[in-house]
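Lettered A, B, C and D in written order, each chain numbered from 1.
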Amino acid sequence: MRFGDTDAAGVMHFYQLLRWCHEAWEDSLNRYGITAAEIFPGCRADQAPPSIALPIVHCEADFLQPVHGGDQLAVTLKPARLDPSQYEVNFLFQLDEINVAKGIIRQLAINPETRRRCAIPEAIDRWLEASAIGTIGPL
Amino acid sequence: MRFGDTDAAGVMHFYQLLRWCHEAWEDSLNRYGITAAEIFPGCRADQAPPSIALPIVHCEADFLQPVHGGDQLAVTLKPARLDPSQYEVNFLFQLDEINVAKGIIRQLAINPETRRRCAIPEAIDRWLEASAIGTIGPL
Amino acid sequence: MRFGDTDAAGVMHFYQLLRWCHEAWEDSLNRYGITAAEIFPGCRADQAPPSIALPIVHCEADFLQPVHGGDQLAVTLKPARLDPSQYEVNFLFQLDEINVAKGIIRQLAINPETRRRCAIPEAIDRWLEASAIGTIGPL
Amino acid sequence: MRFGDTDAAGVMHFYQLLRWCHEAWEDSLNRYGITAAEIFPGCRADQAPPSIALPIVHCEADFLQPVHGGDQLAVTLKPARLDPSQYEVNFLFQLDEINVAKGIIRQLAINPETRRRCAIPEAIDRWLEASAIGTIGPL
């Protein structure tokens, strides 16, 4: 855990955990061979912007133990399809195998023009399948 | 909504909402005459640090509508005591009276040395009472 | 100063100052009647995106005194045109009339397509003129 | 570069670069065998807090090229002692060997009680020596 993620109580400032969740999700996609440009807007101009937007519709976190600067946390993530256009990712943060925090991020697939629900992008779908049979390990 | 709170999707980056919740809570305490030094560690050295810590044990947010740079959001907050050592604050964000997002922050009162639960600090207790009878308005 | 802007040293975490500089600049434009949509991309879709981009090309900050949670800082800003396509804004942060920090943000006007320099947008130009004759006060 | 570090202009939001500088510095110390607890307050309670504080007194950044989500930047850092109680670290960010940004962080060694200048901590001193003879590579 980085010094810049602490606050004057001496421990992790709460919402930084949700930043780490998102970054762990980005890393997991990347390990599975999904490039940032397939999923995220704003990548290099020679890459077509993604045709499906994935706004976060819900997030939550539970803080079980204080997290200090210098703590080396392990994060495990477990995605689940909720319906054809929605999925969530559960994150578990551990320090020396003790659970210190949990997070959830839920995303909805929409057409960025009409903002109506659509099917989850194929790349995410493959990633969801892969995780269901256990091929994605802790980061 | 500030430019620095957006991301490359062109709208608010999700966890910034939880920052706004915390800031709205700080503002509400302040309006009710509770100084930062009564509640938060790290204030000026001539002020005794608070004898009770209030770690956030849970937070969540629902994102109902996209929030754009320049949007003038109104936030309403509604605190509730959950048990003698725990309370939560519900936040509603509106744009032109349309609900755009909701947030919840739950805090536990503990002794900062022993890290065991204790009674909610008196100042917070007064603030919870006041809100129950409706004297705190939208920020 | 907000609790979320501190770190475990008990004082403001350094780069938050540059966030405040940018926000103070946004507030100053706004007071002068310049809407966010005139300057920033990502505003409401019924507003045309700005035809000139203003990337930050340089920023710096000097930290003169520790800033604590609960400190009520005053910020004064002083913009200056550097050349026809470049300007900078100097920010001074004070606590009880004592200087606690300074910041500078320098921005370049470019065509967002070609990324070549162009003239500073007219709205910013008017704001620069106004400040030169002293009509913008401390925030 | 992470999606959460962008803004609605589609590229890196400026002050995130200074966050990366600090994190690169933390990584460099760590690689050189200096634990977070030796340098940063707020680490685990079984570790004595550092007896010397290292507030940042100046920082700056130059932005040479836009940085997009998904860009894999390399960072090189070059520290220099300025006087017995002060040093700075220069950071260079490159994408495919093209310079995209530079940063500087300057820190002052002080006694945290008296807030008077003191000698740079021994661990940092060793790290400065090592870098002068070139044993710390790019991160």
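Criterion: a contact is a pair of C-beta atoms (placed from the backbone, for glycine too) under 8 Å apart; a residue touches a chain by one contact, two chains touch by 3 or more.
These numbers come from a predicted model, not from an experiment.
Here A-C and A-B are compared, and the pair linked by more C-beta contacts is A-B.
Separation between the centroids of subunit A and subunit B, computed from CA atoms only, is 24 Å.
The centroid of the Cα atoms in subunit B and the matching centroid in subunit C are 27 Å apart. Averaged C-alpha coordinates put the centre of subunit A at 32 Å from the centre of subunit C.
Multi-chain contact residues of subunit C (touching two or more other chains) are listed as 3-4, 6-11, 15, 19, 22, 40-42, 69. Taken together, the touching pairs cover every possible pairing of the chains. Taken in their complex, subunit D has these residues touching subunit B: 3-4, 6-11, 13, 15, 69. In the complex of the two chains, the subunit C residues touching subunit D come out as 7-11, 14-15, 18-19, 22, 40-42, 53, 55-63, 66, 105, 115.
Residue ranges on subunit D touching subunit A, taken from their complex, read 2-4, 6, 10-11, 19, 22-23, 26, 35-37, 40-44, 68-71.
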